[in-house]
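Pasting a structure here, questions to come.
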Amino acid sequence: MIIVMQVGATDEQVQNVAQLIRDNGYEPLVLPGEGRVAIGIPASLSNEMRTDMEVRISAMEGVSKVTQTSHPYKLASREYHKSNMVIDVKGYKIGGDEFAVMGGPCSVESYEQFLASAQAIKASGAKILRGGAFKPRTSPYSFQGLALEGLKIMKQVADETGLLTITEVMSGDMVTTVAEYTDILQIGARSMQNFPLLIEAGKSGKPVFLKRGPSATIDEFLLAAEYVLNAGNPNVMLCERGIIAFDRAYTRNTLDLSAVPVLKEASHLPVIVDPSHGTGVAKYVTPMALAAMVAGADGVMVEMHPNPKEALSDGSQALTTEVFSKLMDELRRLSPFVGRNV
Amino acid sequence: MIIVMQVGATDEQVQNVAQLIRDNGYEPLVLPGEGRVAIGIPASLSNEMRTDMEVRISAMEGVSKVTQTSHPYKLASREYHKSNMVIDVKGYKIGGDEFAVMGGPCSVESYEQFLASAQAIKASGAKILRGGAFKPRTSPYSFQGLALEGLKIMKQVADETGLLTITEVMSGDMVTTVAEYTDILQIGARSMQNFPLLIEAGKSGKPVFLKRGPSATIDEFLLAAEYVLNAGNPNVMLCERGIIAFDRAYTRNTLDLSAVPVLKEASHLPVIVDPSHGTGVAKYVTPMALAAMVAGADGVMVEMHPNPKEALSDGSQALTTEVFSKLMDELRRLSPFVGRNV
Amino acid sequence: MIIVMQVGATDEQVQNVAQLIRDNGYEPLVLPGEGRVAIGIPASLSNEMRTDMEVRISAMEGVSKVTQTSHPYKLASREYHKSNMVIDVKGYKIGGDEFAVMGGPCSVESYEQFLASAQAIKASGAKILRGGAFKPRTSPYSFQGLALEGLKIMKQVADETGLLTITEVMSGDMVTTVAEYTDILQIGARSMQNFPLLIEAGKSGKPVFLKRGPSATIDEFLLAAEYVLNAGNPNVMLCERGIIAFDRAYTRNTLDLSAVPVLKEASHLPVIVDPSHGTGVAKYVTPMALAAMVAGADGVMVEMHPNPKEALSDGSQALTTEVFSKLMDELRRLSPFVGRNV
Amino acid sequence: MIIVMQVGATDEQVQNVAQLIRDNGYEPLVLPGEGRVAIGIPASLSNEMRTDMEVRISAMEGVSKVTQTSHPYKLASREYHKSNMVIDVKGYKIGGDEFAVMGGPCSVESYEQFLASAQAIKASGAKILRGGAFKPRTSPYSFQGLALEGLKIMKQVADETGLLTITEVMSGDMVTTVAEYTDILQIGARSMQNFPLLIEAGKSGKPVFLKRGPSATIDEFLLAAEYVLNAGNPNVMLCERGIIAFDRAYTRNTLDLSAVPVLKEASHLPVIVDPSHGTGVAKYVTPMALAAMVAGADGVMVEMHPNPKEALSDGSQALTTEVFSKLMDELRRLSPFVGRNV
């Protein structure tokens, strides 16, 4: 940690900071400069210590800025887990040689709609079926999902088709219930910092698919993953799904594709891209899914609906079954370039 | 609702959209243009209808853009509730002639710390005491609050000092518990779209203090309020607390002060400004609190700590008791300009 | 154009808007609704007319919002120029089958440095050499480029190696001079709305490489291109080079890669991606360059320096000659997927 | 300057960085840590040196991050110029006891329109008349201003009314011409980093009114001012006029009002707020102008038009003469609070 003092900070102010560091068991290194003084703490602080010290020192008189010289996350960091994390979902491996495609409708609307979706997914060669039973919706007047009935449909269709499933859980007290019906727990972008939910998902041990919040920094995203990891669950996937956009005339969000190589370097966890929410427009899904593969992603999540016009939510970004099938073909055609299987 | 077709959309595509509108019981108005066709629906759609129609039509072939001509919120709108909402918290009125100041530490750390805070708040003339018992923290390694013990300290100190209290609740299943110990339920910025929590807070009937998410639009913010209102609770305060900043070198967030007149015009609900989180820097709190009053806010929430250097969280933005007291004096000196009491 | 009136707008206010439309020679379509009235203008307005009408009507009493139903650009639009624009730079075609790679150092620093760069570019198989003679720098104390001497070095090196060149021009009065020494005029991100410069670049007839401003919307970007096109120069390339980021801890900007399919659909102009400025970090350049190719870009601009450690500007994002050469190999290996030549 | 090495950086990499620092005449302080090494340079580097060193070191192997411990601007900094800068414009002092109000239409449209504006400004008690002769417009099809004719009208009206004037100059080669006709040179938001223009404005010695770019950080803004100051002109005013917004449904930009206390602390230069462009909506101008005064601004720039409906540009944000006059009354009523004259 580096503390930069204000220009004109008094000796006493400098000594007060140095003393606080000593009081915590570290030896400060005072770096005098012509214009201002900096103080270094040449040691790896524990996470608790670094946070507490930053807060306390920031509030001291004469202090201009406190800079951390290490990242705030630990369990989510590749520095502590060198090799790629490969997550085993009932035998299907995510984060390894497979490029994982998760497809399906935004919402589970009925047994028929969801079965048709599953059959199209299966026919295309994808292995994981997505669908929302509990839907977080911006407006209370929008369709909120079939809830428990949706979960049951999902489970039944999974049993009938042999596909793996992923669905969203919106609050900590629902984790146990949702975990009974699905293979992967999705934590949505709006819930990325729902800490009670993160902790319960961590305790469940189930594979967790964590979406990045629209204004979350990389550090905040990895710290959210850290909550799950710290609760004892190493099976976390990171999903980039678009960040807040200042121009929404053509896309709903800004898909931050450079987050893929950034996350792959900073962390050992698998990285999945969601070009459907990332762009919000069906016609941009295919080029961005392909770009995600080349940028180093471990998979994509794509919305597909057997009849997008009839979709009860997010119809404008869902692919038809035909376009989804073509996307799978394109991913397969591109996969040798990255040395992966689709 | 206005549907703009793509340049070159076929007659059949135009007719399909028109037919869908008719199928839903409305008469479409087709506006031919030289370059492209627009279709209007000259009626006030219900909220369910407008959302469903937008989703369906957006997914239709030949459609370029769907524009809503009315706002998506209703109960939160001044169009439906002309006069200012005045919320009665045990006899103290928020949203009327009083300019409400809510002060106190980020976290309840101990009985002694919280009592000292309360006494300073009371001495300054403020009426509402804030303090966190459950703390949402970006890092799992940061202090997470005293939880139930914190709530009990808060209640005890409130009883001893006669101050009103506000504290955060982080999940729906905790609403009933937290509501027993406090006068106002705070929903934090990270929870603005925690819909199960919003619904439970709505059912509780308690005054709700809703913070704007860092990347929430005005419409999304008011729709979050709509969830609470729609669950039967008219007592909602809106809090602007800073939006996501692209420059964090000097302030932690960007305080969006023009949101105050915007919200006051769009909605009847009281608007409170939090300059402590809004700037993240103690020295900018006073000028921004004064600016908030002049811009039309109904109150401010300000962090104060009897000893900011010892604070377990957010110390760098907390005012000392002396500076807080001076802020109260300044607000009092300014209050005649806006015709309010402090 | 659609005008949405406020709830409660009077008949007189509605008639005033309708009359203004009639006064300008159009027939308004008034769409009554239960809650509010909308007024449509079913015609393609000229660009001058649409802008003027929007300004005037927005200021009228009772008006809530004016929505354009068509895009504000015309010459830059694919609606008016269906096929891809292919730009001929001394026989090398940009926007067609070739995937154009522009490489070279941020700044021309000396004859030796620039010749070494050019030789590396040529050896790698790239055809276009970039280098700054006039450097826009955030700080007045940073290296500002060799100016005219830099242009002369560039020309000499181009003559000796047979490479095409591109360099930035920063003001309208320098267009003629810079155009004498280079094959493509670059307009930098900070100059995207330097309108006198755009007009002069338009008059020059030279191929223009226009970088998107860090906070420019797609419409603003295409309108900047429209300035050049409107001055009589059809040879404009659009360059996405990263937009303003709220998280700068890992990348300098946010590379907006979905802008590629958006721009390719909205416009016929070639689209080039600059992953060097887009990320600001050398190690992320290769994955993002590959992603750009797959997303549909017509080329990339990449910073390379024979000795990045010695670079006088932007060294941290420049590739070494070895890494640049490997990037070319990777692009070549990927090119069959998109059916282009590198 | 602090250099943080990567975890696992080799001793040789650390020594290479230390050696480069020594080669430049400074003594490095190596701070070993358990996890990673940091290296400090305990000296005030010149601006040239700090920039060069940052670029070179950032590109070295094993380096994770380079952090500057001082601000990159010098002449614009309050650290070097303790007292407030008071700018004398023909005897009228900006930055001192006066709260400067600059009012007038977006564009000079005709002698009659501009004279009517000037008379309203004068009657309201404001002293400075604004108006654009050269208009930077997003679209080439929008009204571009009367150019030289506009300047002549401005000068004539100024002579007739005794008001001071301010108008925009868009390129370096026009500075001399524009300076003949006006008292203050305005550099628009889009030109904030038009460095040739900044340098020419600096050479002119005329008071310069510098608008912040929509995505400019505080450091970038002050470095733009530094260009003018460094060219020998100490008379620079800083104008906050709204930054890029992610929500444009209610305001055009986000007025960053906390930039006022930030800039007043960081710099000695006067700070002016433009709530007209900052919000883009006439009805929000008055509350935000009042808030600006209380936040510590030295003045405001406000658009006013004798007939907003007829305005050739930006009519929707212009105040009528009546509303402008009331704003002046309100500012006058508020001024004792801040101890200034209006």
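Going in written order, the chains are labelled A, B, C and D, and every chain counts its residues from 1.
As a working rule, a residue touches a chain if its C-beta (ideal position, glycine included) is under 8 Å from a C-beta of that chain, and two chains touch if they have at least 3 such contacts.
Remember, it's a predicted structure, so these values are computed and weren't measured experimentally.
Student: Measuring between Cα centroids, what's the chain most distant from chain B?
Tutor: Of all chains, C has its centre farthest from that of chain B.
Student: If you tally the C-beta contacts, which comes out ahead, B-C or B-D?
Tutor: Most C-beta pairs in contact, of the two: B-D.
Student: As a quick test, compute the distance in whole Å between the mean CA positions of chain B and chain C.
Tutor: One centre to the other, that is 38 Å.
Student: Distance-wise, how many Å sit between the C-alpha centres of chain A and chain B, to the nearest whole number?
Tutor: 25
Student: Whole-Å distance, chain B centre to chain D centre, using C-alpha means?
Tutor: Centre-to-centre distance between chain B and chain D: 31 Å.
Student: Check each residue of chain D and list the ones that touch at least two other chains.
Tutor: Within chain D, the residues that touch at least two other chains are 215, 219, 244, 246.
Student: Please give the residue numbers of chain A that touch chain B in the complex, ascending.
Tutor: Against chain B, the touching part of chain A is residues 46-48, 51-52, 55-56, 58-60, 72-73, 136-144, 170-173, 190-191, 193-197, 213-215, 219-220, 223, 226-227, 230, 244, 282, 308-316, 318.
Student: Inside the complex, what are the residues of chain C that reach chain B?
Tutor: Contact set of chain C toward chain B: 2, 4, 7-8, 29, 31-38, 40, 42-44, 65, 67, 69-70, 79, 244-246.
Student: In their complex, what parts of chain B are in touch with chain D?
Tutor: 215, 217-219, 243-244, 246-247, 249-251, 254-258, 260-262, 265-266, 278-279, 283-284, 287-288, 290-296, 333-334, 337
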